[in-house]
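Look at the two complexes coming up: subunit A is in both, with subunit B in one and subunit C in the other.
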Partner chain A sequence: MSFPWAEHYEPKHALTKWIDSRLPLPRLVYNAVGAGYPVPRNLNYFWNFGVLAGVALTIQIITGIVLAMHYVAGTDQAFNSVEGIMRDVNQGWMLRYAHMNGASFFFIVVYIHIFRGLFYGSYKAPREMVWLLGVVIFLLMMATGFMGYVLPWGQMSFWGAQVITGFFSAIPVIGDPLHTWLLGGFAPDQATLNRFFSLHYLLPFVIAGVIVLHIWALHIPGSNNPTGVEVKGPQDTVPFHPYYTAKDGFGLGVFLILFAIMTFFYPNAMGHPDNYIPANPLSTPAHIVPEWYFLPFYAILKSFTVNWLWVPAKLWGVVAMFGAIALLFFLPWLDKSPIRSANYRPMYKIAFWILVVDVVILGYVGQAEPKEPNVRIGQFAAMYYFAHFLIIVPIINMFEVPKPLPNSITESVLHGEAAEAAPYGVGAGAAH
Partner chain B sequence: MAITHTADDPNQRPPVIGEAKEGGAGPRRRDFLNIAAVSFAGIGAVAVVIPLVNQMNPSADVLALAAIEVDISAIASGQAIKTIWRKQPIFIRNLTPKEIAEADAVPVSSLRDPATLAQRTKEGHKNWLITLGVCTHLGCVPLGAGEGETKGEFGGYFCPCHGSQYDTAARIRKGPAPKNLQVPDYSFKSPTVVQIG
Partner chain C sequence: MIVRFFAFLVGLGFVSALFVGFVMPRDKQEESAAEYVHEHMTLKPVHYSFSGPFGRYDRRQLQRGFQVYQEVCSACHSMKLVAFRDLEEIGFTKPEVKAIAKQWKVEVPSINDKTGEVSSRKALPSDYFPSPFPNETAARAANNNALPPDMSLLAKAREGGPAYIYHLVTGYATQPAGLLAKFPDAKTPDSLYYNPVFANLNIAMPPPLVADGQVTYADGTKATVDQMAQDISAYLMWAAEPKLENRHRAGTAIVIYLLIATALAFGAYRNIWRDMKH
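Showing the complex of A and B:
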């Protein structure tokens, strides 16, 4: 598909020939994950996380459909129906905990997947469309995760629904009607719960559709690799199957072991105990926090405490929070350096790791109490987050002197020292 | 890499399936690892499917079946009541002597599902016909227990879905149903109280 030396699908049996000439579905699979898709030979384990994200979505869809067979989307029955799943349904406790922890693991692998892309310049030409579709998937994931968390109708469910739909009331002029329209009322109630159940069922299939586009877009230029150097010939690639099916299979085994440990031994470690209290519309819990995977964005929202430039703090926070994600859409055009991999970009590499630390700090502030020094730390961390993309990365592009790139993927794999040290575009041995 | 042909080579153990390959050497350790990994993945997949299938079986709250007690003192001769047990209708019918005689007059050998009225009622309570109100064809509730409902050609029950006819002992006489209306497990706690289940 992506390289001329990719093996061609040759149906051997009469049946596969018959099928292939009418519906070339086996050919599509062969070209997507079979020997028909050559992949750079030097991918490290950070390239496992795309497959793991796909597996995590599959786990969520299967366990979710199963849970929906027993769940009742009614304000007076939702909490009890979830308890019924835990107590009465055969293996229901396991299915619910798998779905709960599956959501967390989905976000864990996706965050690693995103930072992998940031480090190795996987968003740069010619892979901008892969990146843009990925950000769309990320937004859909967050919407889906939020609506799923509302369904048990515990305290965190209710007040999460109240707060997150409240974001939209910050929008000037149309905010309040929009807020009422989303809720189907003036506060979260039966209408809200019913529509969230419907949408929580729908969106995973929308995600699956965008994932198809994501993979399709990836297969046009082919996978990036840790050097960021383009594939130059057949010697730089290996067929996806069996080499990367085996490697992904091994990674999947490790992933499932960790997932099983959390699901069976620490099923509530990543949840919030307050969600085991039924929703009470008259009392917000004293320490309300979103799920852990929203914390960095929640910290950015909380950072805006004063009205500024005739814009109220409430609107600033909402705009900044959505802006923090919307910013990612522009990254391929903010980072203009032709060098993809941070391994050959000394300044960018430092900035990348500072950003990782910054996001972790934002996560910490997100769950901390809104008092000094947490507020101040959060404000600086939020400011730095935006500065990284809008100021620091463009400045680095002006001043950075990249390290010499390897001449090819193969040379970097075989550790040809002379070749590795040769300047970009100059053959090995032409020492300067 | 030359394959050393020696049974003492640990890489050639344990022996696996298949014939000798690669110049007479036995199955390699790689073959064993491959088969072991795929087999274990298969077992794991089966283990995952079991709970996904089993969750659709009746849950504990459905299986928590209570026995019910019914006071039958108010049911006059010739009357019937419907009650509910395990989410299914139960017909409790107080047969008249005429209905008992009609049921006893039928030669058992001529029946599709042979049984006498005595076999379908309790000793000393031959007038009490207690059956599930579920047609044995495809599960509709037959008419005949309610006030003013048609009792069919045989004076018992008539199922409106596909026209099965039951007689005064609730035995199938005509239509597509294969069996008589089922008699549940029940016992008389006292002359006027029946425990079903």
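Showing the complex of A and C:
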């Protein structure tokens, strides 16, 4: 894997030699996240977020396993068992608040990780597989987060489950039977809660498995970098350990400080008060909203208000909501610009930042009440979301004049060289 | 090429569906009386000893609040998740807790251990607060078909938290004539009470705190309506979040530890990269 100048694992002690010849696990780790993995020397702090996502998943799995020892997946006991964890289990409040806020932080970190990839063109050849696996992880995370939110069986758990599983009934012909089959009944009930608990326990380990593939696929071409220029030689890279383990250690510290502040001082800030009311199938909350990390997609769903081209509005909304994520699978083939980093793509850079603002606006509209001007703002923002990925990105490179790329990572790092100013195509292209 | 062509068509489909929705004329939306009132209402902030990252409960306040719950609220509102033993945390001694449990107005449902017939017994410190009504139907029957919510988590289950509860119990008013002139349909029905803090302005709960001195505080504090409202809302926050102090203490220690660890990690990072331009 990776580059020929990568450092080689050489066990020195008799014991490590013995192990290496029988199960070369230390060698695997050394090559994956040790000195044996050469990484571009110019990565900025946005490259910390992959490791942070891994840490967030680990926190979720550890807290989650202990919570599962005290949780009861029964419609009449789930709510009280969670309160039992909060009140009577030793440090149970800490576990539960860490798990609750950990989910939010996992999504914060992953959203930054995804936008990092969009800005620096990390989805482009030869890293398409890394990107595809990442989108799979994102989908699995959404399923896991949704089902986890249902487990405390509060009002928003129940009604969120009701609304989100209801999407499946919009599918023509098979919608209703599919909906009933997925829930194990006509509405969320004991059968639903039990299977959600089972899957909520399973999926994080599936995510962990896909992460292994994600990292494996990453290690074939090696990490992208802020210039988007491929690694040319040993002078462009540093060994992952100790250079990036040290940098990730610092990033991890900052992440944990923010995580601790939210968990210990504002534990319910990212939750909804209604989820402290036990689920009541006979009383619909005034305003059903999903967890904050679904809000942009929820806004897209709500934005389709008219039947159009013989398709009912509800089906448009559901297709668009799933489509908004599914289109990410096609992104490597939609963006044909050979330049990766938006730093060298003036027009794409503008479109990218509009997209960031657009998604924030969609998030706002997702939780806002469905009245004017919120609905029109949401419709306009949703239009841009689809136009960005499906219309603008595929054609923008036809009009764009890229800035000159640096000849190499090293040259861009050692600023001021004449070669850095070499025109596009002469510098980077000619060196191949 | 073919991918981009299809993407263009799909994109055009979504954008056109949204655009048609965007230009569709809207039905005129009438502002409701509740929206109007909430828009023009400013609530003064309430200060609690437990707010902020270093906040602690004021145990004397919690005891007063418990007294308000015991003498006023518990007539209709259950508190199923709090046990008598938990009262030790707010400063009652073991014998006091035992006495409070024994003297509780409602007994704990039980069975006669000789005949097996349905019966009841005096509460023990290990019991959770017995509910005033045996079930929801009985609660509704006694309350004009309204259900008094369980109070265990009330302070976390409402937007605004304990301050909302304070404003709600002090917010009762006669319906302003100006509001009725503007929204003739918004007249409060006879069985309900006008309360501008409540979501739909009309609440089934009669004003719970009506006069100064309604409760005679054991610690001699003057029981004004405002004082009682502050105390009960603080007590309800404790009932909803009994581990708040542990949380604040642990959080402070952990954040200090992490700040030191992160400073060291930053030093290590700078040290390792010192000769590497990047």
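Following the convention adopted for this analysis, the second predicted complex is superposed on the first by the 422 of 432 C-alpha atoms of A that agree within 3 Å, B and C clash if a C-alpha of one lies under 4 Å from a C-alpha of the other, contacts with A are read in each partner's own complex, and residues count from 1 in each chain.
Operating definition for what follows: a contact is a pair of C-beta atoms (placed from the backbone, for glycine too) under 8 Å apart; a residue touches a chain by one contact, two chains touch by 3 or more.
Since the model is a prediction, treat every value here as computed from it, not as a measurement.
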Touching partner for A:Leu95 - first (subunit B), second (subunit C), both, neither: first
Subunit B versus subunit C as contact partner of A:Pro4, first or second or both or neither: neither
Which superposed partner A:Trp316 touches (first subunit B, second subunit C, both, neither): second
First (subunit B), second (subunit C), both or neither touched by A:Glu372: second
Which superposed partner A:Val66 touches (first subunit B, second subunit C, both, neither): first
Partner chain in contact with A:Arg87 - subunit B first, subunit C second, else both or neither: both
Partner chain in contact with A:Trp333 - subunit B first, subunit C second, else both or neither: second
Partner chain(s) touched by A:Ile277 [first = subunit B, second = subunit C, both, neither]: second
Overlap of the subunit B and subunit C footprints on subunit A, listed as residue numbers: 87, 94, 249
Subunit B-facing residues of subunit A, complex: 62, 66, 69-70, 84, 87-92, 94-95, 249
Residue numbers on subunit A that touch subunit C, as the complex places them: 41-43, 80, 83, 86-87, 93-94, 97, 238, 242-243, 246-247, 249-250, 252-254, 256-257, 260-261, 263-265, 267-268, 273-274, 276-277, 286, 303-306, 308-309, 311, 313, 316, 320, 323, 327, 330, 333-334, 336, 371-372, 375-376, 379-380, 382-383, 386-387, 389-391, 394-395, 413-414
Residues of subunit B that touch subunit A when the two form their complex: 37, 41, 51-52, 54-57, 59-62
For the subunit C and subunit A complex, residues of the former touching the latter: 3-4, 7-8, 10-22, 24, 26, 29, 53, 81, 86, 149, 152-153, 156-159, 161, 199, 240, 242-243, 246-248, 250-252, 254-255, 258-259, 261-262, 265-266, 268-269, 271-273, 276-278
